[in-house]
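First comes the structure, then the notes that go with it.
We call the chains A, B, C, D, E and F, going by the order they appear; numbering starts again at 1 in every chain.
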Amino acid sequence: MARPVTLFTGQWADLPLEELAGRASGWGFDGLELACWGDHFDVDEALADPGYVDGRREILERHGLECHAISTHLVSQAVCDLVDERHRAVLPPDVWGDGDPEGVRQRAADKVKDTARAAARFGVPTVNGFTGSSIWHLLYSFPPNDFEAIEAGYRDFAERWGPIIDVFEAEGVRYGLEIHPTEIAYDFVTTRKALTAIDRREAFGINFDPSHFAHQFLDSAAFVEEFADRIYHVHVKDSKKTLDGRNSILGGHLNFGEAGRGWDFVSPGHGDVDLESVIRALNRIGYDGPLSIEWEDAGMDREWGAQDALAFVRRSDFTPSALAFDAAYERS
Amino acid sequence: MARPVTLFTGQWADLPLEELAGRASGWGFDGLELACWGDHFDVDEALADPGYVDGRREILERHGLECHAISTHLVSQAVCDLVDERHRAVLPPDVWGDGDPEGVRQRAADKVKDTARAAARFGVPTVNGFTGSSIWHLLYSFPPNDFEAIEAGYRDFAERWGPIIDVFEAEGVRYGLEIHPTEIAYDFVTTRKALTAIDRREAFGINFDPSHFAHQFLDSAAFVEEFADRIYHVHVKDSKKTLDGRNSILGGHLNFGEAGRGWDFVSPGHGDVDLESVIRALNRIGYDGPLSIEWEDAGMDREWGAQDALAFVRRSDFTPSALAFDAAYERS
Amino acid sequence: MARPVTLFTGQWADLPLEELAGRASGWGFDGLELACWGDHFDVDEALADPGYVDGRREILERHGLECHAISTHLVSQAVCDLVDERHRAVLPPDVWGDGDPEGVRQRAADKVKDTARAAARFGVPTVNGFTGSSIWHLLYSFPPNDFEAIEAGYRDFAERWGPIIDVFEAEGVRYGLEIHPTEIAYDFVTTRKALTAIDRREAFGINFDPSHFAHQFLDSAAFVEEFADRIYHVHVKDSKKTLDGRNSILGGHLNFGEAGRGWDFVSPGHGDVDLESVIRALNRIGYDGPLSIEWEDAGMDREWGAQDALAFVRRSDFTPSALAFDAAYERS
Amino acid sequence: MARPVTLFTGQWADLPLEELAGRASGWGFDGLELACWGDHFDVDEALADPGYVDGRREILERHGLECHAISTHLVSQAVCDLVDERHRAVLPPDVWGDGDPEGVRQRAADKVKDTARAAARFGVPTVNGFTGSSIWHLLYSFPPNDFEAIEAGYRDFAERWGPIIDVFEAEGVRYGLEIHPTEIAYDFVTTRKALTAIDRREAFGINFDPSHFAHQFLDSAAFVEEFADRIYHVHVKDSKKTLDGRNSILGGHLNFGEAGRGWDFVSPGHGDVDLESVIRALNRIGYDGPLSIEWEDAGMDREWGAQDALAFVRRSDFTPSALAFDAAYERS
Amino acid sequence: MARPVTLFTGQWADLPLEELAGRASGWGFDGLELACWGDHFDVDEALADPGYVDGRREILERHGLECHAISTHLVSQAVCDLVDERHRAVLPPDVWGDGDPEGVRQRAADKVKDTARAAARFGVPTVNGFTGSSIWHLLYSFPPNDFEAIEAGYRDFAERWGPIIDVFEAEGVRYGLEIHPTEIAYDFVTTRKALTAIDRREAFGINFDPSHFAHQFLDSAAFVEEFADRIYHVHVKDSKKTLDGRNSILGGHLNFGEAGRGWDFVSPGHGDVDLESVIRALNRIGYDGPLSIEWEDAGMDREWGAQDALAFVRRSDFTPSALAFDAAYERS
Amino acid sequence: MARPVTLFTGQWADLPLEELAGRASGWGFDGLELACWGDHFDVDEALADPGYVDGRREILERHGLECHAISTHLVSQAVCDLVDERHRAVLPPDVWGDGDPEGVRQRAADKVKDTARAAARFGVPTVNGFTGSSIWHLLYSFPPNDFEAIEAGYRDFAERWGPIIDVFEAEGVRYGLEIHPTEIAYDFVTTRKALTAIDRREAFGINFDPSHFAHQFLDSAAFVEEFADRIYHVHVKDSKKTLDGRNSILGGHLNFGEAGRGWDFVSPGHGDVDLESVIRALNRIGYDGPLSIEWEDAGMDREWGAQDALAFVRRSDFTPSALAFDAAYERS
């Protein structure tokens, strides 16, 4: 469909935007999905400094790059989470503050609202990110869950995100939750519940990333079709199961990239994701937004991989048919 | 091998021991693995009342039942866990106390020590149970784990269980940890780490239950062989994957028995566990202890199921060969 | 669930009912599902002779057999079919008449109405059968179908069966269409369309037979759950795929039992049907009607097979759980 | 083998030959397999107008394109078929005439004879097409087939095609039946029967198209080897099974391209056809004719797809070895 | 088919026939296939002592046991083999003699001829055994085989077995070669070649044993059908692949029963052999001879296993249908 | 990793080095792994003629080609083998001599020593080859192996190769045994035994070739990791299983390239070898030597194939990551 292929900058935050833009442009990307960390896109500056967003735009344009979305994965994770030391490592100091969990959650929510405002100012229609979850730790029901506590988790999500969605609506920007373990929604069932919890408000949709579905044995294309009206943005990432009877699908408390895990992230096209089925599903639902490569592969050089991934996506992203199959077959 | 086939009483705690013993005996079980809850086996009474263990024994013997192990799954879970409301529902009031987490953990540890003492008094060589885990909630590394925190979790386990193991050693009783999600050890990698953390002390081994391996895509027989010298007790339970592209292997925050899960527990012989391979492995390592049916199947009547399971285990538990294959083939 | 296990008599029509009842009773069946051919159940006599149904009932009762349904597969097939010589071989002469297709269809419809009346008189709540289909021959769209013709096929079905359903409603009897290739409904999609075409009238439901699903690669349990409120009767039959790269799933214009087919019917438990999943689904939807063995296996002696099938169904039909999984696990 | 790669023009009949030739040439095709409909190749004109075939040839040569075969799929389908309204949509008016089935069949047979004559005049050695079948609608034997009727269908085929083959023999042209559901031959069994029915006359062979084999679970390479001496032409097309437990392999009376089917046609290289195995088989039997891409994919733009398919076939069509494997390994 | 189920005595040669007959009879076997080693059946005595065969028969009859075949696996192996030390361990001293290979081969051939004569005297129609092979060691072609040497191996087989077959013909006894690695025939290809080499003489057929096919990934039922007219006797044995990425299908030079092999023999019903498919194939070809259990499972007690195997074979050996599937379905 | 991609010249020995070097260079190879046969690398001349190695080097350098290894597969095979006529075809006349097996073995051992010396003189660090095996013919244990004979085979290997390894150590050259059926080591188990037999001396390691693992159902990547410190050289070759129920995995005594085998060698990327997993494993163990294409595919033109294989290896050989996955994800 000749959709724009962009690079999500989250895994490149060690590089200044100027440098990364030069490389991505040289590799042939159409644009960048800017992470709101590193120096890629600073929400506070965007709101404080009238010239900031123009400056960011100028860098992109100079390199011939588009921007369709900015991403607040790190901050948004704290909105519903049971906050702990891990959050300190990824949150801006002003959001972390004294680290008191409820304070962190509220400051994170405020920052996500500001991100909507900054996106509007920057002129991008979508902010991608996470939600966190107050119930993720209840994943395996032992000691037996009080399942009313699960319901309460969805209510907590709805209460915390309602006011955020208000701001997105007001700004005319959409939020794309990346369906992902550790979030309020990570599969079909939980996505249904999460969308219901917020009354399927239109400003809150999905940043679809099939790499999180493959290791859960979920059908990515079926997900795209079921949630067609909420697919606001698409990540292209891949994961691969490495199950040999000794590696657990649950991962063994091992870091990504360590031997012994039952699955791991790999460069697009190198794993279990059936991208063609996803593309066909996106064609059917009429999605014409960007395919944004979120590149993560602990076993591959990222520069080699980014270019390999771009080529893979380009050759996978075909245009759907404009005419019915048998139309041309008939006499006339 | 004509191993004794016992019934773990944990899922029958609503029935008095007297009644359950009658039924189990009638169905043909060889013995019971007594849960330390319901009225099946009361640790405090066993220590306080000199006649208690004889009374329990009398009930069993009257029904022709053996007892090879008692089980402290509910209390032991609290030893390392981040304690929350769910524990209140399964802990004895004196262990829960005021519910302050650290206090609960310490009282749980004390109770497990008492369980060792009670087992010794009762004359059973094994106590089965869990450990809990201070790091289970870090299962999926996002926000990115500080993996030093994982290491700290194993040290916490070792510190809390060291003194407990001392008591087991002193009493001449062995602890069998049921390798299980939510515990300090739930797969090959974590079992290796847990055993290493306690210097592979002999009093601490494994209550092996293959139902927790099948849904993790782990090879139960290979586990038995790798940890041959620590297989102290065996549960026979089964689980079945129900992956259809819409059900996640992670379970969708759904209770056991609910539609939409990617796996569930089922009666032995009705799931993915390859019991014959497990039996062959147990034969190879020379395990001659009980096969204890822990019966859980949300879709089957438990009385029907217990008898079905017993018949299944009886016909699966064959004796290994006493002579080499070709010995009889040769001339002479 | 201790559902009654019955034998569908359609494949035994060469035996008089008296003789078949004796054998079935001796093998241990709980009842018979009487075919409306052979001498098993004669619709015309049932309506004409006030003592007929009592006589049938007497035979059954003398052998200790129940009857939950009668079956009109052969006549009902002609209601919508493009009638040809094959129908002559299976229709009663008075339905075939001069063989003019439209006349045959109307006489078949009348006979199905009479069958409802006879069932009412006989006191059985269900009549099983087929519908035929005016569009089955359009299965593969070449020459390209005008898909409006497919829609017309469903309208034809609704028009022909509407008046029949009226009679069923009036008589308080339900019709169970066996979802089956050559019928108006043979899979999920066509069942949805067929039920919609008749406005999901309650008197028209499904005689569920998983043997027709397995060779279509359909999930029988999922079908039971989707159409839960229309599962009125259940056949237990089995089929097995024999695909080796040379046998087509379409069957090669070969008769059942001939070598070279890509699938064939086999005795229950000898094929691809996952009966346990079906039983669990039936348990979930609360179906408590008969499990009626329709025995067809071209490679097995039917007497050996009927007994083998009965034993298989008995040991597969377990009762669902009456209590929640963890209920008994908890303290107290 | 550097076989010529041609484009079958049947799915492009909405484009004038002049325009299509320009595009195909620009994409790099070696030639066209001309459909005898649209304006691509007109059999009547070829016989009536001495300059017609030169004109067609001139267009092709101007674009550097070869022609190895012409195709009469639409007319030839009517030769044996039970003719209905669907045929009217694809037949030339003079073949359809008054639509009386037997008249249509005879006029279709005459037109296929003329197609042989036109092919000879045009200088191509092969005419591809179908046969139709008087027994296709008997695919599933219910009501039970009289299998003598199946035999009669093969005799009908032989009687209708005998005189046509006479003309092909006389003209020195070969007919290539595309083995395909709805034809007299659609798998191994039926191909054996069809070839036997016409005494394996050499003028009647096969246009092999693996896309019709994959969804029948047939081994395309084995077919090529079994019918090696009758493989006269090869189509490269692909199909993909989309079986998820709810989609039937029989297709649900759904059109190609609709969601819910259990399989569909896809662009070469995007489906289940193992083209490499087919190429190896073609190499073994010494086939050196064209690989003609019949492009059908309801989910892909056909221009994008035609080029993608061409590239795929080029890189798949390797030359077989001219020397034995170990020859060069040996000493000296 | 109620075929007789016999026990092959080869793996029980440490027990005297009297004792084994008592046990086998007690377990419910119908008969014994007597090994020509141990004290079970002595070829020399049978020829030398007129009362010997009556004595053997008397033992069998006293225990209600039939005998359909005797077996000369150990001696016959030496007929074509490159004889080495391993043969000394399994050959009678008079066959081994001085161990000179060619002498051993000739004496083994003479003994097999005597076995035919003894079988005739004993009144059994079949002698089972091996052939050995002069080319087995050329299994993997490196250093590259001169494939003319392979052909020479089949000629050697034909030359050595021709005179043996003459004796079998003269005695009216048939030889059943057990298709097996290390023999002149071990799969489809080599069986075709071996039978061709001896001009498919009728006195030389097959003792079919599916356990040797499963680990070669061969289709046992297809073999039965291809060689239908040469299936003279059937062994029921099983084997199981244990491939986990570290165990080679070639076996790692490990003995049966050792960990680390990629496959091993197991008790019938415990492995990869699809006995039902074999039974259906045997039914189709009309085989009504014995099903002889050759029991080998290095991980199971043989007494437990023999009984388990007998029960398994009894419930697997069903009678084929005597009437066509739809015959009873039709009206009348 | 931008490892050098070389071409093993063994299958091209019919071409003079000069000509082959020109072609390989033109195709883009980085170097050649020279076979010690044909005219590619002559061990005797290298030792006898001071200018020989410079001449070889000059040819390579003129074509821009590197050389990392030479190969002595044909001669080294004879060191432990039971020598027969097949060896005569592949051995130099001076090694074959009078063909007396023990003499051949000793002369072969001497020649391998000379090959180490020649390699040192030529300046390459590695000599690849085989070992032969005195026990390969005992692959299938019937007549039952005396497994002490297997042990003796490893001792024979150690005794014959010890003095050879001495020379390699002295010359500072390493030997790379290609793990391969017919050698002393062909899978995990036998590699462990072989390395142990020579006390894991460092001068003796492995030339890893995954094509020999795929048809044994072995995990190539796991092998690389287990024997990480002995992976001295890597061949890229592929093999494909062609199991259809009639083709044996043992090969049917058929030559490579013949129909009917259960597996065969194919050009890299066309078979079952998962090269990406191998590359990831090589990355993990830090292997930075050549990837040497040993090209064998009986169904493909070798010139077409060599280029296809080179392109495949180039795009498969990616560089591992230099930084941890999450490093760049974190704040700041």
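The definition used in the following text is that a contact is a pair of C-beta atoms (placed from the backbone, for glycine too) under 8 Å apart; a residue touches a chain by one contact, two chains touch by 3 or more.
On a predicted model such as this, the values are computed, not experimentally measured, just so you know.
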Could you tell me which pair, B-C or A-E, is linked by more C-beta pairs in contact? B-C
Reference chain D; chain at largest CA-centroid distance: B
So which chain is the furthest away from chain A, centre to centre on CA atoms? E
Between chain F and chain E, is it the same set of residue numbers doing the touching on each side, over half shared, or a different set? same
Gap in Å, rounded to a whole number, between the CA centres of chain F and chain C: 63
Provide the C-alpha centroid distance between chain D and chain F, rounded to the nearest whole angstrom. 46
Using Cα averages as centroids, what's the distance between chain A and chain B in whole Å? 40
For chain D, residues contacting two or more additional chains: 74, 89-90, 141, 144, 219, 222, 244-245, 255-256, 326, 329-330
Touching residues of chain A toward chain F in the complex: what are they? 10-15, 37-38, 74, 89-92, 244, 255-257, 259, 265, 270, 296-302, 304-305, 308
So, in the complex, the side of chain B touching chain D is made of residues 244-245
Interface residues, chain A side, partner chain D - complex: 219, 222, 225, 276, 280, 283-284, 318-332
Per the contact definition, I'd like the list of chain E residues that touch chain F in the complex. 74, 77, 81-82, 85-87, 89-90, 135-147, 149-150, 153, 180-182, 186-190, 193, 215-219, 222, 243, 245-256, 260, 262
